[in-house]
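The data blocks that follow each hold one structure.
Common to both upcoming complexes is chain A, partnered first by chain B, then by chain C.
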Partner chain A sequence: MDKLSLKGYISRRAFDSGFLLIITVIFNFVLFRIMPGNPALAVLGRTGQVRPEFRQVLQERYGTNLPIFDQFIIYIQRLLEGDLGVSFYYYPTEVSELIFGHRLLNTILLMGISILLSFVLAIIFGTIAASKFKSKTDLVSIFVTLTSYSTPVFWLGMLIIFYFFGQFHLIPLSGSPRIEDPKYADIFAWAIDYGYHLIGPVTTLTISFVGAWFLIARDQMLGIFLEDYITTARAKGLKERRVLFTHARKNAMLPMISVLAMAMTYLVSGATLTETVFSWDGLGLLTFDAVTYSDYPLLQGLFLLVAAVAIVSSFIADIIYAYLDPRIRY
Partner chain B sequence: MIMVLLEVKNLSTHFFLKESRVRAVDDVCFTIDQGKTLGVAGESGCGKTTTALSIMRMLPPAGKIVNGEIFLDGVDLLKKSKEEMRKAKWKELSYVFQYAMNAFNPVMTVGEQIAEVIIEKENSKSKSGKKEAWKKVKESFEIVGLDPDRIKNYPHEFSGGMKQRAIIAMAMACDPKLLIADEPVTALDVIVEKKILKLLNEIQSNYNLGIMFITHDLSVIAESCDDVAIMYAGKMVEVGDASTVFHKGAHPYTRMLIRSFPSILGECKRIEPISGIPPDLANPPPGCRFHPRCPLATKECRKDIPPFEPFSTSRHHVACFHAGETIL
Partner chain C sequence: MTISTVNNGSGKYSTPSLFKRYKIRFTRFWHLYTDSPFGMIGMFLVLLFVTMGVFAPILAPYDPNKTMVGERSDNPSASHPLGTDRLGRDIFSQMIYGAQISLLIGLSAAFISLVIGTLFGLVSGYYGGWIDIILMRITDFFIQLPTLPLMLVVVSLFGGGMENLILIIGLLGWTGTARIVRSETLSIKQRAFVEASKSVGAGNRHIISSHILPNVFPLIFANAILGVVNSIIAEAGLSFLGFGVVGSWSWGRVLYEAGRENAILLGAWWHFIPPGISIMLLALGFSLISFSLNEVLNPRLRER
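Let's turn to the complex of A and B:
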C-alpha cells in the first residue's frame, strides 16, 4: 500500500471533517436562535415565577441582552471551555453534566451492544441466505427479517416484556441499575444486575436492526457472487467457507462499513422508544424530555453531540474504507 | 508412447429452462493427449464454454450433464463427489475463464490469491508450508515473465497484459495436468490471444501440461495447437491433428470456416463468410444440425444424424454423410 498517498488522503478527509464540524457548530447556534418562542420565556412559563437570579444567569451566560454576533462569540468561547450551558428544565444542572454522566454510559452500552450484535448477525445471515439464493432458507429468512423490520419497536418491546417478564420471568421489568445504588455490594454485583436489565432492550433493538441490515448484507453478497473473482475462487476449489467469508465478505464489507458508520449516531442519540418502554435512563429519554419541555440548551448540546459523532464516525469509516479497499485514493 | 490425458465420451449437457430445453452440448467426444494442446473453435453459442464448464463441473444451476463420461487420467470426473471434485480443481485441472480480466479479487494482493490456492491444495497451513507457498508464488511469477517483487501488488496495480500473465501464473501454481483456457481475451484481441497461447506453449513443454484452448478465431489455433476440434451447434463436427484438419478438413462446416478466415493457409484468398445463422439449440433441426446451411445437404442429412466416425486416420473424426466431398 502506498503509505504516502494514504497519509495525504487521511489529512484531506480530516480537513473536510473539521470544516464540517465548524459548519455544524454555526448551524447549531443559529438554529436555536431562530426557533419560535423565547427560550427564557419558556422556562419562566414553566416555573411560573420570574426568578431574578435566573434572568441574571441567562444574560451572563448567553449574553441575551447583547447583539447576536456577540452572543455567537460567547457561545463559541463557552463551547471551547466545554460549557454547554445550563439546562432550563433541570435548572441549575449543567447540560454537560446531564449528558456526560450515567445516561451517556447507559445509551452507549445499550446501543453499542445492540449494534454490534445486529451487525454480526446480519452479515452472517445475509451471507448464508445469499449463498442459498431462492432456497427455503433464503425465503424464510427474508420473511422473518421483513417482519421484524416492519414491527413497530415499542410494540416489539412490549411483547418482549409481556412474554419474557410476564410469562417466563426471564428478565426484569425495566430500569437501568446505577452503580451508586447502595444495594450493590461491589461492582460485579452491579454489572450482573445491569447485564440482566440489558437483555430486554438489547433484544428489542437487535431484532429491529437485524431486519434492515440483513437485507442490505444479502443484497451486497448477491451482487458479489456474480463477480468473476468469485467464480475463479470456486474454480480454484477453495473451501466454500473461504470463498464466502474471505473473498466475498471482504468486498461486501465495504458498503457495510457505511451502514455501521451511520449507525454510530445511534450510539449517542439513543433509541427513544426502546428506552421509554424499558425505562432505560439514557440519552434517548433525555432527548425526549428536552423536546417536551423546550429545554433549548439541552437540546442544543444533544444535537451537537450527535452531529459530532456523525462527522467523526464517517471520517473513521473513510479511513477504514481506504485500508480495506486498496483502490480508494482520491 | 502418447498417453491420453482427457477423454470426453458422449457428453451431453442441456439447459433446462422454464419452457424449453437447450441442447447446448449434445453427444460430444474428444480427447486431449498429455502435454498437447487442443484448440476448440466454433461460432459464438456453439457450446464451447458449456463443454469446458461441464469438465470443471461448474455449470450454472439450469445446466445439467444428462449423459457422458469425462476421464481425466483414467478417472471419471463425473463420478467424483462434490468434495473430491473440489480437491481435484486446480491441482488436477485449472481454468482460465472467458474474458478473465476480473479473475482477481480487487481487495486481495495478487500473490495472496495465488498463495491461498497452493496452501489449500498442498494442505500446508503450517508456518513453513506458508513460506514454501510464497516461494512458489515467486517462482510462478518468474515462469510467466513477471517481476517477482510485485507479488504483493493489488490487481489494479497491474496492466492488462500483466494481469493476463498473472492469471496464467495462478493457473499453473499447483502444477495441474490440464489447463482449460476459455477465450482469455475478448474476441477482438487476436494478437493478445496469440501471445497468451504462445506463453502457454512455452510453459507446457516443461510441465507436461495438457491444454484445452477455446477460441472462435481459427487463426489463433492454426499457429500453435497440436489438435483441433470444430464445434457446431452443440455438436463436435470434426476433430483431428491440426495439419489434417487445416489441410484435409473433411466436414463442410470446417472447410467453410477455414475459408472465412483469410490468412490461415498463408495464401490470401477471398474471404467467404458462411451464409445463414446457427440454429436455435432449444429446437435444433432434425438430422444433421448443419443441413440448413450446408451446400452438400441431401435428403439423408435432413433425416438422420450423421455419426461421428474416424475418417482418414484413426485420430481424425468427422460427423458428415458426405465427408470430404468437394464443395462447389
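Let's turn to the complex of A and C:
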C-alpha cells in the first residue's frame, strides 16, 4: 500500500473517481425523487404551480407512474443520451439548453477571469508578505485581507454598485450583454460592453477570493523560508527576488494546486450571490432561480454538471500532487 | 513528551495535578496572546457584539418588529438613528437584535463542523488504507457539492428554522477542517518521533492522542474560529437571498429587506451600510482571533 508507482496511483484514483461519479448520479436521482414522497410532483403541488402538462411530461419522460427502479433505469438511459429533462419553470425549454448556452459561457468568463486574477495576486502578495515577515507591510496586508475575507461578498457587491455606479458613474448597474442583441454593430462593440459589465462582478469576486487565498499562500511561503535550501540560496548571495520567486515559490505552489482545483468547481457552479447582486446571467443566478421556483429538473442538471467537474478536477489535482511530491504516500 | 512523574516510594506515581499543568500552559499562552495587537482587537470586537447581543432587549429603543404607521421609510433622525423601513420598523433596533442571531448561528454551526471535521481528518489521515479511502471519498463528495446552492435546496425543502439553519451550515462546513487535519496528520505521522513511538510499541490510540492530536490541535483550534467566520457569512448569504430564519432579525435579513426596498438605488445608505459593516466587523473579530491563535499556537511560526 505504501509504495505505489505513479501509474498505479493514477489508475487507482481513476477508479475511485469513476466510482464517485456513479455515486453522484445515484445520489442526484435519489435526492430529488425520494425526499418528501415524490418531490417532483409533491413540490409542484405544494407551491401550487402544477400544470396538467407537467404531469403529462413527467409521466412520459421519467415514467413517474412506474416503480422507482424502473424510473432509475429511465433516468440513466436519458442521461446517457445527454437528456437532462425539461425545466418546470422555463417550460418547455430543455434543461440542457438552459445550462449549456450563454449562461455557461457567462459564468466561465466571469469566474475564470476572477479566479486567475485572484490566484496570481494572492501568490504575489503572499510571497511579499512572507518575505517581510512581521514587518509593517506584512501586518497591514494581513489586516486588509482578513477584512476582505470577513466581508460578505454580496454586500461588497452592493457597495461597489452604490459607489461605482451610484456615486461615481464608473460602471454599469448590472446585467450581462448578449451577443445576439441587435444594438451591437459588430463583435467588438459587444466585447467592449461585455468587458465594461464585467468590471463590477470581477472586482467583487477578486477581492473576496484574494482574501481567502492570501493567508494560505503566505503560510506556505513562511514554511518554505525555514527550509535549509532557502538559507543556502541566500548564503550563496542570490538576489532576494530570485530566492523568492524561483526557489521558494515553486515549492509553495503545491498546496495552492488544491486551492485551484477547488476553484475549478466555481468555474461552472458560478457565484450565486455575486451573480444575483449584479444580475449576471450565469449558472449561479440560474441556480438561485431554480431554487426559488422549485425547478427540480433544472437543479438536478446543475448539480450533476458541478459534481462532475469537481470530481474530474480533484482527480487531476491529486495526480499533479503525487507527481510533484513523491513524499506523499497515499 | 513525558510529564514529570515521581515515584514516591510506595510504588504509586504522582504527577502535578492536571489543573496546575493546564494553568501553567494557559498562562504562557495568555501572555503570548495578549502581546498580539491583532488578537486584542479581535477580542474587543467580538466582546462588543456579544454585549450587544446579550443586552439587546435593553439597548434596542424599539421592538424590531413593531410597525409605526406614521413613520414609514423615514430618514435617520434623533428618534430613529438609522431611519425606518417601508413598514415603519426601526432599523437601528433590528441591527442590535441582529447580533444575537449571527453569534448564535455562527458559534453553534462552527462547533458541529469542528467535531465532524476533526474526527474525519484524524482517523482518515492516521489509519490510511481503506478507511482513508472511504472517509476521503465521503469528504470529497461533500466538498464537491457547491455549498451555497446545496444549502438553498435543503432550506427550501425542509424550511429555514433556526435549528435547520444551524444544522445545514454545520453539516456542510466540516470538509475544510477534515482535509486540513488529514494532511497535517499525514505529515506528522511520517515524522521521526512518531516512528520512534511506534518502534517502542505504542498503540494507535496512544499515538493519536498524545502525538498527533497535540500537534494538529493548534491548527484545529485556529481553524474552528475560522469556522465561526464562515458560518456567520453563510447565514448572512442565506438570509440575504431570503432563506433565513423567519421572524427574527439577522443582519443578513436587514440586507434582504434593504434589497427589496431598493435602498442602494434610492441612496438609503443607512439601511444597507450598517448591517454589512456589522457582519464584517464581527467576522473580522473572529478572523483576527483565529489569526493570532495561529501565530501563538503554531510553534513553527514562533521559532523565527
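The criterion applied here is as follows: the second predicted complex is superposed on the first by the 294 of 330 C-alpha atoms of A that agree within 3 Å, B and C clash if a C-alpha of one lies under 4 Å from a C-alpha of the other, contacts with A are read in each partner's own complex, and residues count from 1 in each chain.
By our rule, a contact is a pair of C-beta atoms (placed from the backbone, for glycine too) under 8 Å apart; a residue touches a chain by one contact, two chains touch by 3 or more.
Note that the structure is predicted; figures quoted are calculated from it, not measured.
**Q** Have a look at chain B and chain C on chain A after the superposition and call it: clash or fit.
**A** fit
**Q** Regarding the shared-chain residue A:242, is it in contact with chain B (first), chain C (second), both, or neither?
**A** Touch partner of A:242: chain B, not chain C.
**Q** Looking at A:185, would you say it contacts chain B, chain C, both, or neither? Reply first, second, both or neither.
**A** neither
**Q** Quick test of understanding: once the structures are aligned on A, what is the angle at the Cα centre of chain A formed with chain B and chain C, as a multiple of 10 degrees?
**A** Result: 70 degrees, to the nearest ten.
**Q** Spot which of chain B and chain C makes contact with more residues of chain A, would you?
**A** After superposing on chain A, more of chain A is contacted by C.
**Q** Mind working out whether A:310 is in touch with chain B, chain C, both or neither, as first, second, both or neither?
**A** It touches chain C, and chain B stays clear.
**Q** In the overlaid three-chain picture, which partner chain does A:24 touch, first (chain B) or second (chain C), both, or neither?
**A** The second partner, chain C, only.
**Q** Does the superposition put A:80 against chain B (first), chain C (second), both, or neither?
**A** Neither partner.
**Q** Given the touch rule stated above, what does A:150 touch, chain B (first), chain C (second), both, or neither?
**A** In the superposition, A:150 touches chain C alone.
**Q** If you take every C-alpha pair with one atom in chain B and one in chain C, what is the shortest distance in Å after superposing?
**A** 8
**Q** So which positions on chain A get touched by both chain B and chain C?
**A** Dual-contact residues (chain A): 327.
**Q** Which of the residues in chain A come into contact with chain C in the complex?
**A** 1, 16, 19-20, 23-24, 27, 35-36, 39, 43, 133-134, 139, 142-143, 146-147, 149-155, 158-159, 161-162, 166, 215, 222-223, 226, 258, 262, 265-266, 269, 272-273, 276, 287-288, 291-292, 294, 299, 302-303, 306-307, 310-311, 314, 327-328, 330
**Q** Given the complex with chain A, which residues does chain C contribute to the contact?
**A** 38, 128-129, 132-133, 137, 140-141, 143-146, 148-149, 152-153, 156-157, 179, 186, 190, 229, 233, 236-237, 240-241, 252, 255, 259, 264-265, 267, 269, 272-273, 276, 279-284, 286-288, 291, 300-301, 303-304
**Q** Report the residues of chain A in contact with chain B in the complex, numbered from low to high.
**A** 227-229, 231-239, 242, 246-247, 250-251, 254, 324-327
**Q** State the interface residues of chain B toward chain A in the complex, per the touch definition above.
**A** Within the complex, chain B touches chain A at residues 56, 58, 85-91, 94-95, 97, 100-108, 116-117, 120-121, 154, 156, 170.
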